[in-house]
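To keep things simple, chains are lettered A, B, C and D as they appear, and every chain counts its residues starting from 1.
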Amino acid sequence: MIKVSVVGAKGRMGSHVVEAVNGAADMQLALTLDAADDLAAITPENTDVTVEFTVPSVSLGNVLKLAAQGVDVVVGTTGWTEEKLAKVREAIANGPRPDAQKVFIAPNFAISAVLADYFAVKAAKYFESAEVIELHHPTKVDAPSGTAIHTAQGIAAARKAAGLGPMPDATETDGGSRGQVVDGVHVHAVRLRGLNAHEEVLFGNAGEQLTIRADSFDRGSFMPGVLLAVRKLASDAPAGLTVGLDKFLDL
Amino acid sequence: MIKVSVVGAKGRMGSHVVEAVNGAADMQLALTLDAADDLAAITPENTDVTVEFTVPSVSLGNVLKLAAQGVDVVVGTTGWTEEKLAKVREAIANGPRPDAQKVFIAPNFAISAVLADYFAVKAAKYFESAEVIELHHPTKVDAPSGTAIHTAQGIAAARKAAGLGPMPDATETDGGSRGQVVDGVHVHAVRLRGLNAHEEVLFGNAGEQLTIRADSFDRGSFMPGVLLAVRKLASDAPAGLTVGLDKFLDL
Amino acid sequence: MIKVSVVGAKGRMGSHVVEAVNGAADMQLALTLDAADDLAAITPENTDVTVEFTVPSVSLGNVLKLAAQGVDVVVGTTGWTEEKLAKVREAIANGPRPDAQKVFIAPNFAISAVLADYFAVKAAKYFESAEVIELHHPTKVDAPSGTAIHTAQGIAAARKAAGLGPMPDATETDGGSRGQVVDGVHVHAVRLRGLNAHEEVLFGNAGEQLTIRADSFDRGSFMPGVLLAVRKLASDAPAGLTVGLDKFLDL
Amino acid sequence: MIKVSVVGAKGRMGSHVVEAVNGAADMQLALTLDAADDLAAITPENTDVTVEFTVPSVSLGNVLKLAAQGVDVVVGTTGWTEEKLAKVREAIANGPRPDAQKVFIAPNFAISAVLADYFAVKAAKYFESAEVIELHHPTKVDAPSGTAIHTAQGIAAARKAAGLGPMPDATETDGGSRGQVVDGVHVHAVRLRGLNAHEEVLFGNAGEQLTIRADSFDRGSFMPGVLLAVRKLASDAPAGLTVGLDKFLDL
């Protein structure tokens, strides 16, 4: 049984994590902490892996503390920059278990989204055309999504590496319907009540189309990815800081 | 048996019409004419319905001549304006069969596209959100398609008539990915090698989505609509000029 | 303001109704009752419309009592038979407001599903081929869904009325993949973790396809339909028993 | 310039190959042969790669002759068995270029279909549920398609290798709508006028879905794959017999 503690246990995501851990046959819920609680309670003795889902303003501090206590952490909070990641690496190096400490941070825990992005980049060089459509709930403030930009950039890089030129496009008159062009890849953003987070990548050749679509219907969609990360940290994940769920998928 | 003549019989669309008429159990191919041929050969005696699929620059002249000869016509050529339509009405009024002459003109003969447009307008007032995505081959020069604009305008008008306000949309930062806004409806245009002409309309409420999609895979997709129009002209279509395939659908 | 009481207010659906009523600008929550509460508390004085979402075993009794008290009811509980409906009609006739009492019962309150079914039947006669795919969560015990059967029957009836023969199908060898045949229409049922309730209807002609899809992502998807029914009962719905949300849609 | 000869040049597929070769900037059409022509005309001097698209009854003979003449061949004809493949290997070993001769045979040249199959197998172990829907024109005599069976078998094998048990499915009552079960994977076959060859693979976890879809709209969809194979044979493909387009994709 993997002993799992949750930091931010009463939060939107954290409460889902508590539920998911309770539902996993190979895991046992250890401690559940919130804003008012002292992280010092979490130790390598009572916890195998800590899941941290809080807010960007406190997450770095939490991870640094947990690393200093020699606790392995799966971090779901967003807002990580290269600077912040450097501090985490430093904390691991200066911590009690520099050669064994594991910290895992991922911008997206939805396995379907991570696979879609990976497959899209793999497929990119085999098609003349590629476009990305992302669809989200209408309360999202930015467009397009970071995930869609990431996918478009990956497609563009794969096309460039394969020596492909620009995609065919005879459009002469466009009032904005062709979307945003990210490194030569057209990206479209739909905002629709009832949706959560969705991405569709379309590839076309003469006479054929390949479509890869990831749907995240609700926050529960992150839990299979979180549990997968917890299991990896409790088993064969490499020591040090790992960023991105694709690192833990066998692709 | 309905006797059908085809004007523009060797053209891209006309050749499909000849094939479709030959394949219809209730139709008989009468005359097949092309640019060099004299329209005078087509008479009410040898032809029940003429199908005209040529180019915008000659289509009006053809239709006026056929009307003057008292021949019923299904017109598939595009490029019709209110002015041109007025001339057709005048030709019917001054022709040999002012009370019986039938002329039918449609911007789109794909039944799926006509139904999708009709259903989308019907559905519009029941949803908080609606967006239109059209997808075409990459040699199309304009974006979005006229059909998509028509659908968006219909949705907007239906929402207005029902007293609905603007759709929910919290987007603050957008580099163009939200597409073109037609009367308040976001329209996205995809250009992909391998596609022909496709339209998808998305509607959303809390917890639910309705999607209506029309795919036209090739020019053959127009033929069921052309044959339907021929049958209507040969039976119960009203006299005079009729515009739009939806007029012939029992909706 | 429409005064709305909820029977079954703590149940899975009832709690959503309470939330939806609280969120509606033109409604006011009156009484919220549960199994232990006395329905006699609900009167035409304190309540304009009562929403009843309980279980089949008690729903008929609840509706009969409310009708005897002269209260208008929107019923979301399932399991209605012709016999039960007859008893409701009788209760209305014998109640205090035989000419004004309104009771509304619907097997499905998802507007998208009701519209999809309606549009599918409308479209049916214009296509050579039609098939139905329904997709649900894997804990559903019956397959295909009642909604899919209803849609298939409607398509079959529309084809028959239009004089269409069997759909083209050259299949000679099939190990079961062609699905269940309902009145000549093939129906396929997918069971997938992560899904809730979805239906896709596919229509095909030479060169073209029409797709109509309804997605119900969660129980919240019923609320727009429930609120619509409440508003109809509070305004221009006809007196007596009405069955089916399509009766309240302007189609 | 790669010199390409085509055997079966007037056939349904062969004529597309001739057109595709003529349209490729890096290829030159060498000889075009048909049933009546002598294969001896094709030599390593006048041809770099021969494309063979005929019928199963003559294809083996053609390939053996071409191998005996030391000509590299891309074979698109179907109907290959292990026995036939063994004879090709033998012909290569006994031919004039045993260490350099290249023969490539593929059951499916649609890149989108080959990628979809590959990605589906890769994704399989990360999801609780997986089902396959294939959709074809209604003149296809078998159901489900060989490609769908292949995909289902690949998914099943990947799940087994990862130690996954049966998928969740509470279905108690089913009149056949749940489709054909291939190694535990449900496979559904749709037959619809207007379609050609399509496959959709659905994966589900709590709250998320991954969809991978390949559309082959017409015979032209095989050409990008054929050209890719020709280029591989003219460059870095290994000597000997290679079966399956996935071997030539960098995955």
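Simple rule for what comes next: a contact is a pair of C-beta atoms (placed from the backbone, for glycine too) under 8 Å apart; a residue touches a chain by one contact, two chains touch by 3 or more.
By chain, with names taken from UniProt: A, B, C, D = 4-hydroxy-tetrahydrodipicolinate reductase.
This structure is a prediction, so every number in the text was calculated from the model and none was measured.
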| item | value |
| --- | --- |
| Interface with more contacting C-beta pairs, comparing A-C to A-D | A-D |
| Pair from C-D, A-D or B-D with over half of its contact pairs in common with B-C | A-D |
| Distance between the centres, which are taken as Cα means, of subunit B and subunit A, whole angstrom | 45 |
| Centre-to-centre distance between subunit C and subunit A (centres being mean Cα positions), rounded to whole Å | 38 |
| Averaged-CA centre spacing for the pair subunit D and subunit A, given as whole angstrom | 35 |
| Multi-chain contact sites of subunit C, meaning residues that touch two or more partners | 127, 194, 203, 205-209, 215, 217-218, 221 |
| Subunit C contact footprint on subunit A (complex, rising order) | 194, 196, 215, 217-218, 221 |
| Subunit C to subunit D touching residues, read off their complex | 127-131, 133-135, 138-144, 148, 167-181, 186-195, 202-209 |
| Complex contacts: residues of subunit A adjacent to subunit D | 110-113, 115-116, 119, 122-123, 125-127, 203, 205-224, 228, 249-251 |
